[in-house]
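First, the structure itself, so that you have it in front of you.
All chains are identified by letter, namely A, B, C and D, in their written order; residue positions are counted from 1 within each chain.
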């Protein structure tokens, strides 16, 4: 199992320094699952393309969940797709992160009231780390979401939370 | 190298260990730098910047990837064949690592100077095929299995043009030893095999076009043997998810990547030994002009690594230029084009050598 | 045979052409915008996060009704005669306490439909688009400047006022009825 | 016991143990993969006998060719996605008798042959001698083998050819 499953007692200097290294490694190499759902996916692709360049932050799309670290839920999560997303999420080995991108993934978006076929927010099935608002968000907004996620990873700890 | 360390330390075990560990370090470095270069080259070719956040110019990007992979959970599916699943990456890595035993980095830096070096290098790569089949089958996943079958079929078929070109070269050179082949092309770049070998005369000029053809054939077929684009159909993500390592994660997958990059350097090294003078410098040695004897091996190692990296760069260049071939096109290229040309080339080089 | 040789030549030639193109791009300067350091200038009528200038809001609820996804939630309380709410910047007199004005940016689809009906132009699109959050509830923005207690107080005030008025009305209704039933009630 | 002996016993154990597993394991795929290690061990023993060319040919032909072919054969048959490809053992008694007889014959041949035991000179490489022998003393056999393989190739091609009608 991953190192994050084990907890250490507080005040361990070695662990504290190692932890910084491990967090740095995880935050600089968040590999995303090559996975797009709807119109936000176009924006996500634009983010990985030359103008915005995801690769600067160490993101590369992996095609199998086994080798990925993060999913960017980019678009409307229909009830049919929700099952697949759940399964893909479960196939990613820990530690794993999720960026919910756009209104539809955040809470159902335009379909939140009357959409009989749309999941009202992807956080109903999987735990979301960062919500990126927008419809669809600009590529910069997604990058900002990624920076927020990196900030979150930087503050993660192996130690017992006191 | 073994002899040198044996004289230095006087211990069989220590010198053997050092001799064995050196290529291992080399493989690791090749993988670390190779992945970084791959991403940077792809970025430059697409007018991007590439990784630049982790360390200066993103140099520690691969280190971060590596440490991250160490932390990943070792997730496995329930119905896999545990034993084979765990052995497969090791076998694949062993196959690509074993080639390094015979590769001469310089006139001093050779693991083993055996006579059949070239043949050995071709032979041990078959462990990679066995490992790939093992990985694909034990994953108990249809995509893995299909990817493994494709990969095995591809490697086995492309071994034929490779072997034919190697055969032509062996006929011409009269030896299978990689260090001897390198030694034959000494001094200046017009002595390299791509320019007709060291002997000056009519034969040399007659050989040049056929040597170029041979080089192109062996470069294409080695490209296919290490599963690089445009021949990476075993990992075609649009149809096979990720090929034979679909189910692998974390360090086990990292071993596949290590062996892939190790293979890339190995085939580049063999191509450069066969046609581009191996570790020989193209312009003579600084050590000779200055009269410093000990400098020469270092210069040789420098030139060798430079040539190896140049061919790795060409492989990446091709990867970011060409789209992936279809399976039938792949087999057509091999059986209908490369093999006939390789045969004709073999016969012509044989006749010219007899002249 | 001719076809075969032609294929071979074409195969090699096209690969070389492709390689030439990519090689040229090796030396083309990158077009990447280094995002956190360099930011692209946004177009003039960029539609991004909404902002409500609550001082100008008269609580007319038109934006909420215009919203196609119902992400704007407005709750108003009528003012009582003694209170002075001030005027909006274009001189309209305010008559409602806006006790609750929330926009859920998780639902918002940034269509700008709420901006047009606003009579005081107090709701408008800004150029802020970087507001990712760790919690979804943080995307619900409260624009009302009244605290909960104040809002509660206003409600109680209005209820008291209403009750007072009812009482007066009841009193007025019972008293003059006997005198002049045909007179309409002007209260 | 020097390094040579240690290595020899290592390769011998690898060969024997994996050969044993090839026979005893009930999973066809396992058998095939154990065969890989058997071939590897045999190649190692060839190397220790200073027969470098034979060792490499062993790996090239058996691991690179025959084993892969075997694996393909197994995997392209039915139920490839099923991990439980199993075989049963039938005819245990007659098989062990036949194998025992053959083994006895081989062992007796091994014991009663008058091996030349004087130390010869180990050549640096065996390719040159092998090549010379193939073209001189064993030329006929070499050519016959070549023709045999050609016939097999033509036969395979004619079997695999699609019928026109």
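Simple rule for what comes next: a contact is a pair of C-beta atoms (placed from the backbone, for glycine too) under 8 Å apart; a residue touches a chain by one contact, two chains touch by 3 or more.
Only a predicted model underlies this, so the values are computations on that prediction, with no experimental measurement involved.
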Practice item. Identify the chain pair with more contacting C-beta pairs: B-D or B-C. Key: B-D
Study note, to complete from the structure: Separation of the C-alpha centres, chain B versus chain D, in whole Å, is 28
**Study point:** chain B-chain C separation of Cα centroids, rounded to whole Å
**Key:** 60
Review point. Taking each chain's centre as the mean position of its Cα atoms, how many Å separate chain A from chain B?
Key: 36
Revision key, fill the gap. Expressed in whole Å, how far the mean CA point of chain A lies from that of chain D is 52
Review point. Can you list the residues of chain D that touch 2 or more other chains?
Key: none
Practice item. Send over the residues of chain B in touch with two or more other chains. Key: 43, 46-49
Review point. For chain A, what residues touch not just one other chain but two or more?
Key: 50, 53, 56
Check your understanding: Which two-chain combinations touch?
Key -> A-B, A-C, B-C, B-D
Practice item. Within their complex, state which residues of chain C touch chain B. Key: 7-8, 11-12, 15, 18-19, 21-23, 25-26, 28-32, 34
Check your understanding: In their shared complex, at which residues does chain A touch chain C?
Key -> 50-53, 56, 103, 106-110, 112-113, 121, 123, 128-135, 137-138, 140-141, 143-145, 147-148, 152
Check your understanding: Residues of chain B touching chain D in their complex?
Key -> 12, 79-81, 84, 114-116, 119-120, 122-127, 129-130, 133-134, 137-138, 140, 142, 145, 149, 152-153, 156, 159, 176
**Study point:** chain C residues within the chain A interface of the complex
**Key:** 30-36, 39-40, 48-49, 68-70, 104-110, 129-136, 138-139
Point to revise | Touching residues (chain side chain B, partner chain A) in the complex | key: 39, 42-43, 46-54, 58, 60-61, 63-68, 70-75, 237, 241-242, 245-250, 253
